[in-house]
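What follows is a single structure, written as structure tokens, with notes after it.
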């Protein structure tokens, strides 16, 4: 296998690394935010160039139809989030919730996280991917605990422990996959390279593969936040800085799910293995229903949307579990739309929490009256996340339900009911948040609405019209996913 | 060609909405602009629809756009059915916009109305034109969303937020049902285009499921009992011209959805489909009007009447299904014509009534009839319009409401020819409910008109009321004229509907144009016939005769004197009958059965001075039966799952451990 | 590869499972530490043996790391922590030791059952080693959930990790083993530091339920 | 020429009902009086009343609106048209195509609607009582009436009164249980609709018991005259409805020659006299019932009507 020669791809990895080091050293707390955004932007440019150049896969890194969209999406959301984070963090400094020292740490960690996630997406080696995801977990753990409140520490600790166990399980699965591959491909790096694995999967030992998939699903599923492995997710979202909640929901969950997908491709290439579908459908459905009910008992705005993330991860897992070109396509679409929408929601939530000085929904009212731009942004976001047209999520949910109802009526109905219950909860809260007579504090905040509306605009546009190239990639991947 | 025009009009509407977001700043200008644009677009689309309906037999026109679902695109189709509903939608849109031209200047929060009004119109038009499942549902839900935003326009008013919430929840429920229906029709391969579905109609079992889902989906939007709960909350909450659109037009779009699904896509019906639809229709008709009688909020009363009329429409549709299943083409055409004609008529007089209610609301700021009264003197023109509307909705000849109900009765009278015994017995019973609801509706509108416009003003607001603006009056009187027209020369309208029957059933009524003096003869001359025109002529002649005779010979003396007060002079308007007391006898008759009504009068002992008290408790059985349990289940589940949140990390780890072990066991067994 | 070498590898793997059981059995804090040190020592031995029979010198690094970090440094560190934070010297368990042991035996049986159908050609000594390492992992999990005390839970986690190292080294010629073991050592180190920093005396579940309620936004 | 004759016939019937209506009312009153051993008013008293009324001045409440003055004419016109469309002495009159049975019922509904509105217009409690009770009664009477219509038209396969009459006069009817039920129901409805005892008492002005009279309490002079005329027209209408639906014999059906017409007219008058007599007999025989017993009475009528419609299938078997 030839050496991997492409400066762009290295840029995607090196820019975050370098800027992380730089940001860790820079004392000035004014420029860092902008620098952070700039670095993310450069990364995004480098990533989007991958639409046009398609380098040869190497033994450690690879760019193929499977990950190109996710890399671009990842870097894009990272960029917009960094823009949002600049305005968010400025406010945190003013209110003194964060000191410059922590700020440096925060930015360095932010870039490290980006590096880790890009690496996980680009990795052509499952061991490398594992290391990258572990690194991402560690950084987010540190970010979640950033505020040092007892609640934040508790959340971070819980996240850390559960994440570590998950990581351990995932590693065992990885080892098993390697073993099953070694017998066919032979020892060495090839036995861990995606492109090789997918090619030779039919000859692998089905039992080892099945066993491996169980561990991988549980291991990376912990990161995805599937019920019953979800326990860390709501606290981590609620207690960390909002930009991190946005990145967690919008990107890290996707990355973990992406890992699961990679392995599912290997699985589905081998006919004799235990069908992964039922497992995924079961966990997905469980997540949707569980989250749907839990949403009715949320009083903290960020926790609520964290649970909605669990719900949507459930939908996506359900779709991939269902399999078939339509459902897989829908799942990929849903991954994209969800990360865009959910991060947009967290952007608005972040500003709202800053303006109102609280995350308790009971004391936030009438936003469309007091802060129209922010309030309507939130309304739009929630409308989109519950799957109301013309936003894109409607399209993916339409495809999931219709395509699965013809095959598994009961499951599709259960999914629909779950969606409906969740919708009920979210809309009920939205009523209180956005409408009625305004209530709650009104601290000044130099919010930047651009990222939020950019995301929503994209979701809206995608709901009406999808670019053919994207469709082509997704259909190809959907085919691979079996 | 026609479709291009229509879609560009829709595009204009959407653009207007977006412009309105920007231009919400200057109030008057923006509102005039938006409503003028909506008016123009409505007029154009109305004319297109009419011409398409006229030219319908020449076949359907289709158009594809490269948007929406990739690899499918957005399909649009203009056939007789959609042309007819296009007319209904845009007629309502036209008049509502006309009203809006006047109302717009009174709106206190235009920023929350103007962007969504044209979007709402656009959504309804798109639904009618859509020709694939995705576009259909997208437009359907978009329509719901836009109307939801309009319901929330006055979100600070008490209960409006709740109304909007329940509305959006029920709308999503309906969409889910339709989603599943289309999932069945399209199959796993995903043939979402209606043409593909027509090409491969579902098997009998699937078709039955589709019917059930269509009833849930379209029925919930149309307000079929027991799915109607959101309707009387949401429709009144919106600004009045939007209420007119929602009640008069959007429910009709829902009927369109049902007809499209069941008559066009679901393949040949089974006879019991008709029975099911008939039952639901009959229930809606009676319950709707009974609920309406118990209301004292004018707009809510009107909303409940929408439920009643939807019931009447579905009775017609059910009959059509039953006849079609038995291959009785002509009878089916008759029933369908009756239903569609009632769709048209109801859209007319319900819009009219809501606009009238809006005028009253604008003039007095009151929706509560117990505080109104005597408005016939303060706002005579509105009173005339509202009276005409009331007469029409009470199915009084010579107005249009009577014609469609008369046709429905004629269809019912064909039922003995049905082979199934169940239908034989069911149909006359449903006829009885239809008659009952018609009679009760008359009572209800005597109450509504009497309490609002007649008698003496019950409050200061009613005393200082002023006649509403010109544009609103114009909108109302356009509708009055149409109501009369459709009542006097129904033959013309029946003939206009013929292509729809031709398309859906392959049968049509005898062309009514052939009969002299605009007589309508649905089946045959010796069986039944009706002539509204001559009827009104005779009535006019009779009235004129009496008047002439009297003014020839009688004394013209007229003296104004106080009304007879039994010798207890009391000027207080509180002594007159209120809406509540008017409905009391009927409540005594039906209340205990339908509402579990409970009355208690506490009379002070003789000689005591404290006032007597009257307690009344009504219960909404539909809510208690169908909705409260659902709420209970959700709360139960939420409460119990919620405990998981406060577990310890060790407990969570045990969860993980348990999952691992369980899956390993699965694996071990699978080997 | 001689028969003997296989048997020795097998012996180490088996004895690791045995030590895991000893961990489960132990209910005194310092005794636990010592047994864990033994656990780590056995792992490093087996890794070293693998390095020897696979002629894979880089595995010696892994062995060395295991020996250094887990057999010496961490036990000592934990010992200090226990002394510093004045943690109870006895471990309160969930359910009796006996039932825990029983569960452990079932887990071993389960892991063997799961591994049985794997074809031998997947690699020499793969099946047995996998069965053993899987049982070590499961036993570690069991320990984590059957102990109420942070230190012993950490030890449970580390025994899981030992099982993973065993599996990784047994998988002949697997790349990145060293990197992975390094990454893991960092993870463990962080956990230990976390215990120390956050003063997590008794449990992972630090706060009482009402506090959790508050954190979970439990009150409207 | 033939058309002229037809028109003539039609107008003859119109005139006939207009002229006969007060006479029928008077006839019933006189009969009742004599059954009560009273002298009673002369037969032509209603005509005198009408003339008297239209010569009196109108006393109208101060806040009566324009609606109040229009209603009497509307009520009269609709009732008159309805009455003149019911075949009396001959079927297949030229205008019979304008309206069928359902339309006639609906026309009466229009009249009632207008009258009830007038009752509310002044804003006194009497008008309110009258209107609300009237609508309550109607809400049960109208469906009952329509059920009867169903029964007959299901039987005759037509809602066209002429066709119904022809069919029922024909040989292939025989005696039917459902017909009997329909007749009973019809009579009950007729009593209710015409505000006769036991539903209402046209003679009383005791506030708490009256229904129809309460609505028109404020009317006087020519307005009252028109309303009274309309009331007696309504009575006549129901009589002739019953006559033409249940005892169609003697009407001029096939031919419209002089003999047939004379026969028809004679039989019609005879039927009216009979009906009036029975009505008087019934009214003297029973007492007025409390207002809230009325629903039971009319509910019974409705059930009878429905039963009649359903029994058709039993007595006839599948069509």
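Each chain gets a letter, A, B, C and D, in the order it is written, and its residues are counted from 1.
What we mean here is this: a residue touches a chain if its C-beta (ideal position, glycine included) is under 8 Å from a C-beta of that chain, and two chains touch if they have at least 3 such contacts.
None of these values were measured; they are calculated from a predicted model.
The greater number of contacting C-beta pairs, out of the two interfaces A-B and B-D, is seen for B-D.
Chain centre most remote from that of subunit C: D (centre = mean of CA atoms).
One inter-chain figure worth recording: subunit A and subunit B are separated by 44 Å, centre to centre, where each centre is the mean of the chain's CA atoms. Note on chain placement: the centre of subunit B and the centre of subunit D lie 35 Å apart, centres being C-alpha means. Chain centres here are Cα averages; for subunit A and subunit D they lie 78 Å apart. Mean C-alpha position of subunit A lies 31 Å from that of subunit C. Residue positions 114, 117, 141, 144, 153, 204, 212, 216, 218 of subunit C each touch two or more of the other chains.
Annotation for subunit A: residues touching 2 or more other chains are 157-158, 161, 165, 169, 207, 211, 234. Shared contact sites, meaning residues of subunit D that touch two or more other chains, are absent. Chain pairs that touch, as defined above: A-B, A-C, B-C, B-D. On the side of subunit A, the complex with subunit C involves touching residues 125, 127-128, 130-131, 134-135, 138, 150-151, 153-155, 157-158, 160-161, 164-165, 167-169, 171-172, 175-176, 178-180, 182-183, 187-189, 191-192, 205, 207-208, 211, 234-235, 238-239, 298-300, 303, 359-360, 362.
Residues of subunit C that touch subunit A in their complex: 114-115, 117-119, 121-123, 126, 130, 133-134, 137, 141, 144, 153, 157, 160-161, 163-164, 167-168, 171-176, 179-180, 183, 186-187, 190-191, 194, 198, 200, 204, 206-207, 211-212, 214-220. Here subunit B touches subunit D in the complex through residues 373-374, 376-377, 380, 387, 391, 394-397, 402, 406, 409-410, 412-413, 416-417, 419, 421, 424-425, 428-429, 431-432, 435-436, 438-440, 442-443, 445-447, 449-451, 454-456, 519, 525-531, 534-535, 538-543, 546-547, 550, 553-555, 557-566, 573, 575-577, 581-586, 588-589, going by the rule given at the top.
Considering their complex, residues 54-67, 73-74, 76-78, 80-81, 84, 95, 97-100, 102-103, 106-107, 109-110, 112-113, 116-117, 120-129, 131-133, 135-136, 138-143, 145-147, 150, 153-154, 157-160, 163, 207, 217-218, 221-222, 225-226, 291-292, 295, 302, 305-306, 309-310, 312-313, 318-319 of subunit D touch subunit B. Residues 94, 107, 110-111, 113-114, 116-117, 138, 141-142, 144-145, 148, 153, 203-205, 209, 212-213, 216, 218 of subunit C touch subunit B in their complex.
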